[in-house]
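Order of writing sets the chain letters: A, B, C and D. Residues in each chain are counted from 1.
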Amino acid sequence: MSNITTAPFTYESLSQLTMKEGVLELQVGPAHAGSGHMRILVWVEGDTVVKVDPDIGFVHRGVEKLSEDRLYVKAIPIVERPNLVDTVNANLGYIIALEKLLGLEAPPRAQYIRVITAEISRIISHLYGIAIYGIFMGSSTVFMWALADREPFIDIMEELTGARLTYSHIIPGGVRWDLPKDFGERLEVALKYLEGRVSDYEKIWMNNPVVRARAEGVGILSGAKATELGVVGPNLRASGVKCDVRKCAPYSVYSDFDFDVPTFKEGDSYARLLIRVEEIKQSISILRQALKNIPEGKIIYEDYYKRMTPLMKSIYDEKGRVKFTSLLTSLSPPKGQSFSRVEGGRGEIFFYLISDGTKNPYRFRVVTPSFRNLPYFTHVMPGHKLADVPVIYGSIDYFPPEADRR
Amino acid sequence: MLAETPHAQKLGLALGGSASVTEDQKAGLIEVRVEPKFLMDVSKKLKELGFDHCVSVTAVDYPRENYMDVIWHVSSYSNEELGNKLVSLTVRISRDEPRVGSLVGVWESSLFSERETHEMFGVEFEGHPDLRPLLLPEELLGKWPLRKDFILPKRRSDLFRKGGAQP
Amino acid sequence: MSILYFIPAQWLPLIESGFYALIFPGFVTILLLAFFIIWFERKAAARVQMRYGPLWVSRKTGGLIQLLADMIRFSFQEFIVPEGVDFLPFIFLPGFLLAFAVLPTIFIPIGPDYARIFPSSYTLLLASAFTLVIPIYLIVVGWAADNKFSFIGALREGYLLISYEVPYLLVIASAFLLYRTLDLVKIVNIQAASVPGIILNPVAAIVYLLVVIRSTGRVPYDIVEADSELIFGPYTEYSSLMFGFVMGVPYIELYGYSLLFATLFLGGWIPLTGAGFVGGLIIPGIVTFVKAVLVMCLLVFLRAVYPRYKLDKAIKTGWTWVLYLAFVSLLISAFVSYLI
Amino acid sequence: MVQEEGSVYFGNLDEIAKKAGQFIKKNRLASKVINWGYTYSLWPAYLVTACCGTELAAASGPRFDLERLGFLSYGNPRQSNIVLIDGTLTIKMAKVVRTVWEQMPEPKWVIAMGACVLDGGIFWNSYSTVLARDILPVDIYVPGCPPRPEALARGIMMLKEKIKKGEKSLNQPTSISENKEMREVGNVG
């Protein structure tokens, strides 16, 4: 199937296409088992897709506008909601941008805790992506397995933060809770379990002849084209472009860790599946290193600790818990701008903040990976068969609420 | 904080006199400010230098001063040295007639972001191939929600016009 | 025998064939079996997926009557006839589908004494002929529903029908070549004298199973229904009881195919044999029935393992490998029948 | 008596259906059996409106396994009987939800999941969201942001109780084209 030639993408008017004889317009979604929260307009000629037009915005809730209307701290939950599968990385990206504005840096222990939670979140996100890929290809077993394997990690995060998905764990200057005592052992058990399961996936899913027949050679995006279209994350690396923000522009304490950036040169749907599994393996290794090397110390910025009330200080010393101080709710960074780039589960999350010296951000800009992966619909899908549409869709791990967030 | 650092100087030399290049050291951001008429040339030069993809297109609204900043954030995948840099290419345009050239011809990755900026701010991207609305429903078209004069309700009671929150 | 005493002797064959068609292995058994097999499918898949599957509806039996609840719900839901459908085909075809799915079972003997009920020496031909009618109705259903997804589903059915019908007919031909008769009772008797057909010609059995998976829409060949692409293809617009019908059709079809498989390749009622209605039909019939149900369970279980195959590749496979295998099975049949 | 077109084949279908409906309503045993069938066969249409969909997926996953309760996510509104609004309703999505609701055969129910559809949640002053009660007659609200799968399971159990008692939702919003309030949502600025 390597001889698929991607039809050149042209912006001919839609009416012309629908008038053409033999071309059928299909509206896939939003109430469709293979669409998620978006509408994909697909024009097919025979069984071949001629043109695809993603119609997004069904989950557009105005995250940017709402964040400009809220206090800096109150924007954290709003930032988390669109990336509900991968909340920690979104949270982390926003906080890094905010800390740059404020001109402070979290202590090392807090940074390590951030990395640990971010990597757990990446594992959760990748497993969710594999699950969605499975159900789009018609295999409910992989959907169920991947969802089941998320649960141990959700449990661990729940023990740490008290919520299943929306943790709001990272705050300006540090994190809200210190790790519980037996956190390391519990995480190790979960990691061992996951390692065993990954080999199970390879047996039943990755080496399944039907999966290979459907995914290999489908939805090829070359490295050069991927660069031009600006796609991000595992999808980009599956096309052979070695760019991981954790490596090329390290943030937090990622420069302390020794890990690989897996790449595949095929750039097809199958490579995009494999790369997620490889990244899970890398995340496991990062988590082990982090657990081994985590330093002792404070989990909140020194200056903020000093300015805590005695009651809060006592709570912090006893339970390792940062109570929300009035300090955090009245943050007003100096005038200026800042940005952050974070490698989330689906790719690079970009935050851009402009402060005018008040308590609300003047301009709050977030670009999420799914939004930047939209060219997969317009550029990769045409030229394939109709049955390949859900395969490509599933392989790019597209999460509509994330793309529509603004 | 805005300073003529070595990076900025190098970039300024490469871009020629049509752009003013500064580096916001605190943010780690290289700012390139251009006049609208030089936008195309500068963007092409940036692409030649290796900034091969556009991360985001956005606008910042300043209603009191009556102008808008349209910002392209660009970075690089192919050049590892440039990979950890982020360049913001800023154009200041009038708020009454927000028109600016589209850079889809230079960075194809800015296609969807420009569509979005158009519907959120009303910025007209000249030469954009496809400026249909992307995210907003029909009811909100032409209201430019992200402009600063689009004000959200401040109190919850404003929302319940009919009174009584329960069905 | 005391009850039979009061019944006129000339009625007995009628009652026998009525029992055969309506109770066992006919209509009632088929309905119960459809309930069971759908439950088994959901339950087996759930087992693989580390879940319970349907349970709370009757916890002691493990949710066995889940389908009863679904059926009651379907029966009393509103039946929507969308604007723009072809009214008569849309209304009547689910019934036809159901009827034609049940019909093949009438021609398939489940016991040695079957010739009394349906004296014909062309039962193999009749059974396979009636099983092959259903896809045509499916195509009509997809056309009548006036929905693009239904239409595409119907087209897919058409493509697949043609590409897999040829291997199917070749397999039937190779069975004919192997046993040199079209009478299924004789076919089983030949197997009783030698060995079951699956040993005589394993290639034919494999091709047969492939075709069954395709034409009943089992995973990985659920290309026509394809819920994440076509949202159940030809059935998209059906609601309430009509959907209950069309949902049950593939399972009933599967039953017919499995019975045929049991008689053609698994030796039918071997090792039991006998005469009379009970001894020659019902008791050996249970053996055939169990064999058929096992085949069904195997085919239904594939859902837990495979994702969906792709249309063009399925057609390509149908015209290449499956067809080659079918020809090979023809050669093997010729060779084996020369030996025995 | 003039025969209407179509009644040639079927007799007077409407009359028959009416009589059957009345019989079922009067007959307590029949209505009990039917309601039993409904309670164990709740199939939501495959419609995800926002981010609570991830928790819906987790709820149908192995750990919580809502299929135990006879709750099976199904592809198509024509064959399902629940609209499960999982998460924020935007104006754009609300139209779709209403369409899906109108495509569904009677009887049908609505479960609204998440704080956003209940009273707005953290998106309460967003410019593009609406509340579920303006769109559909909601039977059960499942609060939470996002609600835990257990909460969803409890919502389903409550819906079962409601079906057994034969209760209907009190809120009957008009169809979307007549819903003025929704049209005005964009005008808050």
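The rule is short, and it goes like this: contacts are C-beta pairs under 8 Å (C-beta built on N, C-alpha and C of every residue); 3 or more make two chains touch, one makes a residue touch a chain.
Just so we're clear, the structure is a prediction, and the values are computed from it rather than from any experiment.
Engineer: With centres defined from CA atoms, tell me which chain sits nearest the overall protein centre.
Structural biologist: Chain closest to the assembly's C-alpha mean: A.
Engineer: For chain A versus chain D, what separation do you get between their C-alpha means, in angstrom?
Structural biologist: 31
Engineer: Quick check: how many Å separate the C-alpha centres of chain B and chain C?
Structural biologist: Roughly 62 Å, centre to centre.
Engineer: Would you kindly tell me how far, in whole Å, the mean C-alpha position of chain C lies from that of chain A?
Structural biologist: One centre to the other, that is 46 Å.
Engineer: From the C-alpha centre of chain B to that of chain D, how far is it in Å?
Structural biologist: Spacing between the chain centres: roughly 42 Å.
Engineer: Give the residues of chain C touching no fewer than two other chains, as numbers and ranges.
Structural biologist: Within chain C, residues 49-51, 227-228, 231 contact more than one other chain.
Engineer: Mind pulling the residue numbers of chain B that touch at least two other chains?
Structural biologist: 136-137, 145, 150, 152
Engineer: Chain D: which residues touch two or more other chains?
Structural biologist: Residues 61-62, 75, 90, 92, 125-128 of chain D touch two or more partner chains.
Engineer: Would you mind giving me the full set of chain pairs in touch?
Structural biologist: Touching chain pairs, listed by label, are A-B, A-C, A-D, B-D, C-D.
Engineer: In the complex, go through chain C and note every residue touching chain D.
Structural biologist: That would be residues 42, 46, 49-57, 63, 66, 68-80, 87, 227-228, 231-232, 236-240, 243 of chain C.
Engineer: Residue numbers of chain A touching chain B in their complex, please.
Structural biologist: Touch list, chain A to chain B: 11, 56-57, 60, 62, 64-66, 69, 100, 103, 227-231, 236, 241, 243, 248-249, 336-339, 341, 348, 350, 352, 354, 362-363, 365, 367, 371-372, 374-375, 404, 406.
Engineer: Can you list the residues on chain A that touch chain D in the complex?
Structural biologist: That would be residues 30-33, 36-37, 57-62, 65-66, 69, 77-78, 81-82, 84-85, 128, 131, 143-145, 147-148, 150-151, 154, 164-166, 401 of chain A.
Engineer: Which chain D residues qualify as touching chain A in the complex?
Structural biologist: Residues 45-55, 57-58, 61-63, 75, 77, 87-88, 90, 92-93, 96, 99-100, 122-123, 125-129, 145-146, 148 of chain D touch chain A in their complex.
Engineer: Which of the residues in chain D end up touching chain C in this complex?
Structural biologist: Per the touch definition, chain D meets chain C at residues 6, 24, 33-34, 36-41, 61-62, 65, 67-70, 75-76, 78-79, 81, 103, 105-107.
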